[in-house]
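My questions will all concern the structure given below.
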Amino acid sequence: MSTIEIRKVTKQFGSFTAVKDADLKVEAGEVVCLLGPSGCGKTTTLRMIAGLERATSGDVIIAGQRMNELSPQKRDIAMVFQFYALYPALTVGQNISMPLHSEGLSKADSDARVMKVAQIMHLTEVLDRMPNQISEGEKQRLAVARAIVRDPNCFLFDEPLSRLDVELRHSMRGQIKEVLTGLSKATVIVTHDQLEALTMASRIAIMKDGVIEQVGTPHEVFAKPVNVFVASFIGTPQMNLVEADLQSFGDGKASVILAGQSLSIAADPAVSRLKPSKVTVGIRPRAFSTVQDKGGDTIAAQAELIEPMGAETLIHARTSSGGDIRVVVPRDKRVKVGEALHLKPDPRQTHFFGEDGKAVRA
Amino acid sequence: MTVVTKMKGFAAAAGLAATLMTGGATYALAEEVTLTMAVPDWPPTRIMKKFFDEQYKPKSGNTVKLDVDFIPWPDFYTRVNASLTSGEQKYNFIVSDSQWLGAFVEGGYYRKINDLLDADPEFKKTLMSVHPAPLAAYSTYPYKSENYYGFPQFPDVLVNYGRKDILCHEEEQKNFQAKYGKKLPCTGEELDAMTWDDFKNVGEFFRRKKGEMLAGAPAEDDFYGIAFQAGKGYDFSSMQINGFIWQMGGNVWDETQAPTGQAEGVVNSPEAVAALEKYLSLLEYMPPVAKTGTMDIFKSDELFREGKVAMNIDWIGLGEASLDPKSSKVSDKLVFGQMPGTMGPDGKMIRWSNIGGQPFVLTTWTTPEQTTEAVEFVKWWLSNDIQHQFAAGGGQSAVKEVYEDPKYVTYRPWNRAWAPQLDWQKDVWHVPQFFELLTQQQDQFDLAITGKQDAKTTLDNIAKFQQDLLTNAGLIQ
Amino acid sequence: MAEHNSIWEALGFRKASGVGEAGWGRTLFVAIVSLIYFLPVLFIIFTAFKPQDAALSVPPTLSPTSFFGLIPDKYVFTPTIENFGSVFNRSMTSGGAPESTGFDRYFFNSIVIASSSVLLALVIGTLAAFGFSRYPLKGNDTYLFIILTTRMLPAIVVIIPVILMFRVVGLSGSYTGIILLYTAFNLAFTIWMMKSFFDELSLDVEDAARIDGSSDMKVFFKIALPQVVAGLAATFVFGLILTWNEFLFALLLSGPDTRTVPVAMNQAVSSGGRGTDWTLLAAIETLFLIPVFLVTFFLQNHLLRGVTFGTVKR
Amino acid sequence: MTSTTATAPPPALMRLSPDNWKLAILVGLIVSVIAAIALPASASFWIIGAMAAMIGAAFVVNAYRRKYYGGLLVAPAIAVLFVMNIFPLLWSLGLSFYAYQSNQQSIRFVGLANYIKVLTNDIAAPANWAALVNTAMFVVLTVTAQMIVGFLLAMMFAKQFPLRKYLLILVLTPMMLSVVASGVFFTYYYDPTFGILSYVVNAITGGQFILMSSKVGAVAGIVFADAWMWSPFVMLLVLAGLVSVPKYLYEAAAIDRVSKWRQFWTITFPYIRGLLMLALLFRTIEAFKLADLVILLTKGGNDTMTISYHLIRIANEQNKTSEGAAISYLMLFMVIVLTNLYLYIANRRSQGA
């Protein structure tokens, strides 16, 4: 069974806690992306799974077996490094066959495996070249090829695409996903690029300051962020997070004073538990509709900066109380700088966060 | 056609340039004369400098400065040779081993002083007051000719260093008497009377392993009876072996017989072979380092000072260290005698030994002003008063009036053996080929000492080499 | 399997946290090997502290203290610092009063001559290395090789012309002469080392700087040089070690006033009309070791990061 | 950068200008030869010197005018090397074609006679060959020992561990010693009466132990002392190579379950090969010059004479300057051939890999 599980894993470097009480379970065939800003502990987590770092406490369980004390060699895993870690003195072909030496395969078997993988990763043309003689994309594919040539317990990827340009990155995402789907292994990918995570992962684990904030499918983390950090981290343009005063809750609607204006917004019943207090209201930029009249339940703002994004247009608007609001409108909706806008949030896409930053949901 | 003597020209150019550059400055004041001297760095030269600074008053009224370059002994030849042969012309006076005379006189570096002697009878008288054997050794080239070059700086001979506490110990005396039917030499006079056979007996008798009884107490370490030089470096076996060869009726190639004197047939004569065999046979009784070919004059001296041997034959020049309790474990147990001799068929002792020590010489580029002052300095140096002071301060004197003075023997314990030994000192090879002769001979002797070759082969090789070399050089016809 | 791994970790030979790191067990092992390797030096240093008459004692004395009875008394000597005083002041005649040996001067000379010649070689050699690396001449490798050959001949062969030349231009016995000679002596090594460092640098940065309008001079000083600081440190240390102990040129080209310690050290090898004065020699060497030891110690990190270049290029 | 040199047209030979170095060489050569033949040496020395300065100046002006900075950068080094090293080397090369002894003031051109003598003369040649064979033996033994010991020491220090810095300096110290001091102390260590080695061996075997009394022992003693002193040099170079290996390669290898042995050959060795070759190159050149330890330990006894010590005896002690020069140029020739071989192999390997 190819699974990965970490339980209450903590890593300390001296007095600095890099990872704190991380829990994560990756099933066979599942791809989990560790996503977070740099320095959040995601690479450390991955290295602990690989055995390159020893967990200070907690359990690392691979294929159902606790492996905390085992060296990387004994964990039977495959890993793709951020800088590929290609063996500079070996040819492409030798690089691919390197992990096979410990399997005791015959030369013919080994060669066959290398050829097969090379075909999958489109490396057959460059098998005899040295790593410094191939392109960046080929290096990346070689790194993956070296990982999948074996039948390991699981796959680990450390920022696999960070060194590629946008176009290559796009096509590699597809290729890797395709390859991984065929292998049905537990896979962990570390990335700081949410698009990469959203497109490749079955589930995403979002980390901040050594703590896993939320684990969920791409849809879940997008639609139901558990806290302000996840809400702001996932989705582009970034979600609007506006401070508001919760006045009262009744009839499925919350009355708030937001940017100096009184609004009544449909909200999750759980909001009713909140006492009248400060809350943060999260509204995605695409969740506004602009209305003509300045009737109730709209936010009045003035367009300050217009950024065309192709099919859509991003408007930076300023509310009467001075706050910034990002709004995405369709391309055909023409807005001029200085124009007054009346923004009506979509109640189904409005998130309430309590004073502790946690989402308030049923 | 002969190619232009470029080297010579170059040296001349160098000299010219140097004179141009330094001339004005150095001789701006005519009455200020600097004599530059290259000397090995050791007490006899340090004391000479000290006496000069404290006592020397030039008669001429000039200000005379003695600028002494003290060069550590191990590098002395290298430094001096390079200075001379490169045409550096740096030194006016050079302390020189007597055997370097030939090479550097022929090279045109050492100044012949006959004209100075003729011009200054007092100077001549001073030099002639030196015992003829050391005078010939230190001053003449060709050896024993009338051409004079040098003045004794530190005259030196080989003497026998003994350990009174061991040699005079009652028990040992008794056992020795019982074993050899002869008295174990104990006093200086008894040491003087020793032959090489007696010396061998001492060696054999005192070979003690660690823990065996030695002079009434268990030996703390392996103990040996005798030691003398048997090293490969410089002349650290030839100087001893030559004594054996002369005493036993052989000879080395004799430069005073040139060009008729031969090497082959002389150097490897049966007498010489027997002498070398005798020398080699004694090595057996010496400390183990003798077998490595590195037991030079310093090593045997060190073994003696550390109390590992009962007798050591070494130069007087190394004696001070034995007297100093800081560097010697035997400083209060010393007895000195003459180097052993060989009993002739007529029952008379045959004595010969190779002289040591160093003269100092004048160089050819020394200016007349400097030469004048230099002569005054030499006269002062060889004057009885200074020579007495020198001897009292740890030097030796070859000036007759000085060493015959009864005071002389009181200066140092070995001085009793000094005067009689001067008579049988000989020197070798004042020829330019000295280093080639010496190097090859030392290499060959080393093979014999380390047991790789017998005495006959060794001397045959040496004779053949010398015959070839000296024939080519025109010194053998 | 897990246990097997842990034994090495428990002993400190391996650290789970990270490849390429080890713990105290490794320290212990390396300490033992290093100390054994260091023993001959340690013995020299100890000898410097021995009373003169203990230098050659049998059995050899090995330690200044018995370590609370751990070492038998016969191997223990009573330390003294007298020898260090003798280096600078001792009687040079039999029974005479102590006088200055000139060693203060010799130490000063050694420091001045070694440091200035190594620095000079570093400056000239680094410029040349940059030239060879960035502006290759036709037959560049041949020139480099010729420079290397200047290190191949025993010094004794070239010494006579050098002495004469010094005499002609009046450099005999001067600091300038010996410093210039040592500079040349160090150049081959400096150029080879520094060229290797420059070869390893990325040219893109320098090209970028040129595009941004930097002069070639600025490229060298502001871009290239800061990247090879480690190399400079390494070359300096290697050069210093070689120059510090140079003997033959120093013997033949220095005068009484510019004599260096390695030459004067032989005073103790044949000392005062006898052979080696062991404690004096040890004291000189110990003192002489200190400056170069300290420099190496403080530049050690650079040495390790510094001497990294690719392959020998010809 | 290099294009500036390629585009400049070669100056016409006879054009009179301060940057016409070709003309300068021509004039310099002619004047020098005439001066050497016609004038006394004292005058021709300065004239030849002036000609050399003129040629050098022409080169510098030429480089400057063509904005050829490479030349300007290299010039000071070349000047110092030329004056202090190359000129004396050429001088002694010249002397090797003359019959000249530095303590005799005559000199005679003899062509290749010195070379023929040192190679074939039945007295001189065997000594030279014996010294050469010994030197080759020492080079092989001591360089091998240094490479192995230096390499092992480097492996020992390759990992980071507590106090590494302080232990490393201990191992580096031997190479900082002056050869005189360490050599003299090795005579003490090996001394059969006073030495530590014999004391230890005596205590174990009970018999006498005289290391330096046989060729094997003497060679071992010299090689040990030399290798002990210079292994740290090799260690430092190798260690620098080891620490330059990116750590992630070892991590990748660990994950790929590559054996330690294979890790060494595929990752470590390629990184240190260049440095090993450099260490080998410099140590071999130095080992060819091995003399001072031999002088101190054996004086060449027990058949340990090396070519370099032999040369000192011939050129310095016996003042056979020309003969010494001939020997040293033959030796130089051999070292050059050897080093070129090294560099050729090193280069081919690094390109092939």
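All chains are identified by letter, namely A, B, C and D, in their written order; residue positions are counted from 1 within each chain.
Everything that follows uses one rule, which is that a contact is a pair of C-beta atoms (placed from the backbone, for glycine too) under 8 Å apart; a residue touches a chain by one contact, two chains touch by 3 or more.
In this text the structure is predicted, and so the values were computed from the model without any measurement.
Student: Counting one step for each move to a touching chain, how far apart are chain A and chain B?
Tutor: 2
Student: By CA centroids, point me to the most central chain in this structure.
Tutor: Central by C-alpha mean position: chain C.
Student: By the contact definition above, name the pair with the higher C-beta contact count: B-C or C-D.
Tutor: Looking at contacts between chains, C-D has the larger number.
Student: Where centres are the averaged C-alpha coordinates, which chain has the largest centre distance to chain A?
Tutor: Between chain A and the rest, the longest centre separation is with B.
Student: So the centre of each chain is just the mean of its C-alpha atoms; given that, what is the distance between chain B and chain C in Å?
Tutor: Distance between chain centres: 39 Å.
Student: What is the distance, in whole Å, between the centres of chain C and chain D, each centre taken as the mean of its C-alpha atoms?
Tutor: 17
Student: Could you grab the centroid distance between chain A and chain C? Build each centroid from C-alpha atoms only and quote it in angstrom.
Tutor: 55
Student: Can you work out the whole-Å distance between the CA centroids of chain A and chain D?
Tutor: That pair's centroid distance is 60 Å.
Student: At which residue positions does chain A touch at least two other chains?
Tutor: 51-52, 71-72
Student: Check each residue of chain D and list the ones that touch at least two other chains.
Tutor: Correct list: 45, 102, 193-194, 251, 254, 316, 321.
Student: Spell out, as numbers or ranges, the residues of chain C touching 2 or more other chains.
Tutor: Counting only residues that touch two or more other chains, chain C contributes 19, 56, 58, 159-160, 168, 265-266, 269, 276.
Student: What does chain D use to touch chain A in their complex?
Tutor: That would be residues 246, 248-249, 251-259, 262, 266-267, 269-270, 353 of chain D.
Student: Sort out for me which residues of chain D touch chain B in the complex.
Tutor: Where chain D meets chain B, its residues are 37, 40-43, 45, 98, 100, 102-109, 123, 187, 191-194, 208, 210, 212-213, 218, 297-302, 313, 316-319, 321.
Student: Report the residues of chain D in contact with chain C in the complex, numbered from low to high.
Tutor: Of all residues in chain D, those touching chain C are 1-2, 5, 45, 68-74, 76-78, 80-81, 83-89, 91-92, 102, 153, 156-165, 167-182, 184-186, 188-189, 193-196, 199, 228, 233, 236-237, 239-241, 243-244, 247, 250-251, 254, 273-275, 277-278, 281-282, 285, 288-289, 291-292, 308, 311-312, 315-316, 321, 324-325, 328, 331-332, 335-336, 339-340, 342-344, 346-347, 350.
Student: Which stretch or stretches of chain A touch chain D in the complex?
Tutor: 50-52, 71-73, 75-79, 81, 83, 85, 87-90, 94, 98-99, 101-102, 130, 146, 150, 156
Student: Within the complex, which stretch of chain C touches chain D?
Tutor: Those residues of chain C that touch chain D are 19-24, 26-27, 29-31, 33-35, 37-38, 40-41, 43-44, 47, 56, 58-60, 124-125, 127-128, 130-132, 134-137, 143, 145-154, 156-162, 165, 168, 180-181, 183-185, 187-189, 191-192, 196, 216, 234, 238, 241, 244-245, 247, 261-262, 265-266, 269, 276, 278, 281-282, 284-285, 288-289, 292-293, 296-297, 300-301, 303-314.
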